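Got some structures for you, see below.
Paired with chain B in one complex and with chain C in the other, chain A is shared by the two complexes that follow.
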Partner chain A sequence: MSTAIRDDYLEKLIESWKKEASPVHSVSYLDQLREDALDRIESLRLPTIRDEEWRFTDISSLRSMPFPRASAAPLPGLDKQAGTFLDETACRLVFVDGQYMSGLSSLADDGSITVCSLSELIGTRASIAERYFGQLADFQENVFVALNTALMHDGVCIVIPAGVSVKVPVHILYVTSRKDVAVYPRCLLIAEPGANVTVVEEYVTLYEGASLTNAVTEMYIRDSACVNHIRVQRESSQAFHIANGSVLVAQSAHYDSVSLALGARISRFDQKIILAGGNAECEVDGLALIAGRQLADTHTFIDHANPHCRSRQLHKCIVDESAHGVFSGKIMVRPHAQQTDARQLNRNLLLSDKARMDTKPQLEIFADDVKCAHGATVGQLDNESLFYLRSRGLTEVAARNLLTYAFGGEVINRVIVPSLKQRLEEYILARTRIG
Partner chain B sequence: MSAVLQHLVNQPYKHGFVTDIEADIAPKGLNEDIIRLISSKKNEPEWLLAFRLEAYRKWLDMVEPAWQNVKYPKIDFQDISYYSAPKPKKKLASMDEVDPELLRTFEKLGVPMHERAALAGVAVDVIFDSVSVATTYKEKLAEVGIIFCSISEAVQKYPELIRQYLGTVVPPGDNYYAALNSAVFTDGSFCFIPKGVKCPMDLSTYFRINTEESGQFERTLIIAEEGASVSYLEGCTAPRFDTNQLHAAVVELVALDDADIKYSTVQNWYAGDENGVGGIYNFVTKRGLAKGRNSRISWTQVETGSAITWKYPSCILRGENSVGEFYSVAVTNHHQQADTGTKMIHIGANTRSTIVSKGISAGQSNSSYRGLVRIAPTARNARNYSQCDSMLIGSQCGAHTFPYIQVQNDSAQVEHEASTSKIGEDQLFYFAQRGIGAEEAVSMIINGFCKEVFQQLPLEFAVEATKLLSFKLEGSVG
Partner chain C sequence: MINANSKVLLEVRDLHATVGGAEILKGVNLTVRSGEIHAIMGLNGSGKSTFAKVLAGHPSYEVTQGTVLFDGQDLSVLAPEERAQAGLFLAFQYPVEIPGVANDQFLRLAYNTVQGHRGKEELDPLEFDDFVREKMKLLKMNPDFLDRSVNEGFSGGEKKRNEILQMALLEPRLALLDETDSGLDIDALRIVANGVNQLSSKDNAMILVTHYQRLLDYIVPDYVHVMEAGRIIRTSGKELALALETHGYDWIHANDQATGAQP
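And now, the complex of A and B:
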């Protein structure tokens, strides 16, 4: 810990954290992990556009904002804000400024799921922590995962016991309540064999202003379990949102995900899905709806590590005004992953002449008996469709909005929580209702 | 994968490694003195020496690129001799002296008789056909004002044309290997089609009489003036041997208003043995500038040889309504590696581009498609369609696709699609049912897969390429 940290932005972050952190006496698995991550940060630096994975996403403006880690503050009246909680479920986990708030959270009475904070996890079920925590979110090469691991507030661990089907969605709400702070939420989900659950992850800010969210989520979907994951990012248009999600899908397990990037000045979501057992399946969909000077960057990596796995992906971007959409999706088929069936489609809609889209769908295939296909399109609304609608009496603006709405609707339709789906539909309508 | 198929694809390279050049060789290593030596040996004007030196200085500041998906041991650039004046090869007195193995290859590929002799190194003057063909061609071209000669000859005879165009499409500091080439290039072709002339025949490097050996650092420059059109063929289907391991060529095309350049390549250089030892590194920079309105540049390539193929024939579509095309078949077997594709840079309005790329990997080889489609803010109504398909034969090879699509104009339409397939047992069974053996079936499936690209090749080339592909992947059934 004595050598100098090379990157001055990282140095500032670490210094301000050290001032705040209380000295650690007991060395638990978690503390050790923090130490290792801190050590690792010394040899890492903030990525620039010279790094291939960050070529189109310039985060240099983050350098001038070395936000200190937010300290948790109670947040009264959150439940009274409309459109924050979901109608369907009382089962919710609320993070305020990166800190898990058990007081604001509520869990299903039937005890079908176990939720505990990471410090509790270390105290009572250290074996789970050691077996799962930090195993998927590798911080060796990823500075943001390293920062999260080193600076995370106390995270939360959710365990769905074997064979349990959770009836209501689990709503995980990440709230940033102030500006000029950085939050590091952390979540670990384990679906034991045969479990079935729907998880809604939602990121919101309660003000207009700059802040940084650096979130890490790890999910283990064990044999024959099924997880439906909906991720909604609607932070303020000044916010920086950087998230890493890693999912391990075991044998015959199923992972469905829909991620929506609506807010943030710069958002970056790295999603890594490992199909680690035979017959594992995943459906990975996404929609970025951006305007103004927003930048939404989605990187997905689907790793077919075993035979007979299936993956489907549909990612769409609707880019208006001077916004900039980025998509990079890699499908890897490892040697011996025979009978792989992978399909990826990326469709992008540019709505203004200043809008910009960079897309990079990639296939890396090392096995021969596979079905793999990918496609990407960038274009604008179809003139024939516009003409059709106008011939039916719609104004040009109405026709455009309707078509834009329909373009995004394909992804929204895959959201299986009705109230959330309705809210998202209204959001898109509001965004497209211009002029 | 059936044993038959394995056998089919693992047939050894049929020829030894034979080269016999005596040359006046410069000492190994690269420095400004060597570049001055090259320039003075070739009796070049001062500006060209300055061009070379500028490139060399830029090269010194550059680092070898490492982003490509190929692996090779580090090249020692000081261990290469950058100038060797080739002495004419020993002429063979007649076709009887030619290696019978080579003749059989020609037979299989269906290379015309007069070309076989030239390719095998038989002295041209003993082959009646060849002389007449070459002479007639030269006369015909001169009649319409087409200049077609080696680049060294062009530097002496048409310095103003070379000076005007050399390095305008691929600047000396463009990339590591282009800079190296600009500093030390010694050979290559120059072709100039004057205004309004439609070249009456396909131009091919092996009719350029004074070519005995192609250089390690080739430089090709083709210029089509307003309304001109030309179809240029590079390489040939016959296997080519060379002792130089590194090949870093640069090809520049310039198409002015309404001009049309079609550039076809068939590359079958030595690929190394089945354990991946030896073989050519083919690191090429090819770029066409569609400068004028309604101009068109079309690249067609069939890449079957070389241990490593690493090239991206590109089009800069600057003129309004200009068109860029790229058709490619890349076949890799054993330990071959190919990282190839194209760049389509749309700058002008209403520019259109088409990319069709077919990759076939067998053995332990890896082939990658890497492409860039960039629509600049000025390219109103630009249109691109890309398709890249890969076929894998065997479970140890790899196929990769890395397309980059960058769009900064909302009126553009860009489409990309890619798929992967294999030769299935059921397909072979279907053929067998109809009395077609595995070997022929594989060849038919592969040729069907590559049909869209072969259709773009000039006719006799297409026939040869079809055979070449089956030849490359065939073996004896049993």
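And now, the complex of A and C:
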């Protein structure tokens, strides 16, 4: 491997990584992929606001934070922290500072699904990984995916066998336990034909302070399978959170996702969904609730690559104080994707004069027999609604907060895990202070 | 019911109000005592709905002249929520839909807020549920409306019933019913009117703002006022409404010319 890395920030990251001990476990296929990603990083650089896809999101401050990769510390008492674990789930995977914590995790023991950390991939499991890993999360043009692939400590691999319906949600908790470190969470999910599962991915930091999360999730939803994916990002208000999610939805398969951006100083979530088989469907919803000097950027790309597919998208941002919301949602309808039914709506609520929202909905349609609609609104709280509530005795503050809560509630209501939904409602109520 | 000795609840003197710089109310005078039911009638644009909104404190309207005393207190210094807490209630002509807020949550919040300000006991969700279901029977409302978002997807009649339900919960001393009859079929009108009548007592008062006489067949007013161009130009008993229904609003002016009366 040559040492001529162009970008000095990337160079620092790679240098500090090389000084570390080698990865815990060696898995031959992954080792090769890491090598390839490392090579690729040499010719990549951090994006800037001069790149079209990053023009609203300035990440130059990341350059002053060449955080070393975290090394895990034991976390006694994590399970006792309120609002960390979910009531419903018997299947939980906990990663602390990028490393799998078997002591904090509990796997389904009925053998209905295969859940393991990547470092445990051996035998047939390794061959599954070899077949799927890194196929969707392409690092050739994406420096963050390349960094994740090269530097990840460990990750989770979930396989739901054909026809199996998993009753309880699988909860994956990614914890950053300290500041001034970087973590590289990685998730690979394969829902075999006809399988059905709910997956909650949750990103938390335990300390107020700067840290970097660079996460990659890949999901393969095979024919007639159904995956409900809930993503909660509630890191510290000084954290950087960058994530790439790629999903392939095969014939007659269904993908539901709700993504919540609540924390982080700067967060960026790139979600790519390929409707790769006829009659595939997806519902892709999102909510960013930000204040202070937070920036939350969501980029989605829904690719109607086949006929008779259906997509629904509702993305909302609630932007208070000096925060900045960004939404870029592209829907691509390929030439032969006739009978496509796509609908996208982006609604944004600005709660202060200094709040800012940039939205860029895009439809690219190359087929002629399709139903596509998209819309975006940016507004403030409705004065008539405020007056209505005040005329019933609510103070102006209480009325504003209730309407704000209601605006976000439309997305929260799509969270199908009751205890998580309740926790999120409480979180939003606390943020909007009407309790 | 008229009782000259009962307490004056509302005293409006020479009220002028503007919206977006245009003067809509041009000197309204009105006195309402406890126990009374007043109807304010008039053509569209006469200022009757504006009058109701100004009394409730809608921030888009500016009072430029005159005074309004509610139970002896100057209303102009009170925010809309303080007026509600003091016992003023406006049933909206177009109740607002609030997706994402469950109706029972909203009703309980409003009820407890107003109760709290009156130094009365607040109700927890279970207690409130029993309480509100009892009130809903008065209006023959389906309890399913508690679980739905506030007014969202309600028909016109359901929205109006939900308004009167709020009135039943908040027990105002003065209720302003802004075109509560509009959009109601005859069955719904009867139910709503019956609910209002049951809520009427010697200790409260109501002002019905309406375009048509129809509502007044069911809620019988003590006084009927006709508003035109931002002023009350005629006040009489309930027979005035019937005359207006028969002859139309122009009749007032024809009638004035014939008698030489000044409007």
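Odds and ends about this structure:
Criterion: the second predicted complex is superposed on the first by the 421 of 435 C-alpha atoms of A that agree within 3 Å, B and C clash if a C-alpha of one lies under 4 Å from a C-alpha of the other, contacts with A are read in each partner's own complex, and residues count from 1 in each chain.
By definition in this document, contacts are C-beta pairs under 8 Å (C-beta built on N, C-alpha and C of every residue); 3 or more make two chains touch, one makes a residue touch a chain.
Everything numeric here is computed off the predicted structure, so don't read it as measured data.
Looking at the shared chain after the overlay, A:A126 reaches neither chain B nor chain C.
With both structures placed on the common chain, the touch criterion links A:F366 to chain B but leaves chain C unconnected.
By the touch criterion defined above, A:S385 lies against chain C but remains apart from chain B after alignment on the C-alpha atoms of chain A.
The wider contact with chain A, measured as residues touched, comes from B rather than the other of chain B and chain C. Of the two partner chains, chain B is the only one that A:M357 touches; chain C does not reach it.
Of the two partner chains, neither chain B nor chain C is touched by A:A162. In the superposed model, A:L206 makes contact with neither chain B nor chain C.
Of all residues in chain A, only 382-385, 387-396, 398-399, 402-403, 405-410, 413 touch chain C in the complex they form.
Across the interface of their complex, chain A is touched by residues 56-60, 79-81, 83-85, 89-90, 92, 95-96, 98-101, 106, 109-110, 113-114, 117, 149, 166, 170 of chain C. Contact residues on chain A toward chain B in their complex (touch as defined above): 52, 56, 335-336, 338, 348, 350-380. Those residues of chain B that touch chain A in the shared complex are 1, 67, 375, 377, 390, 392-422.
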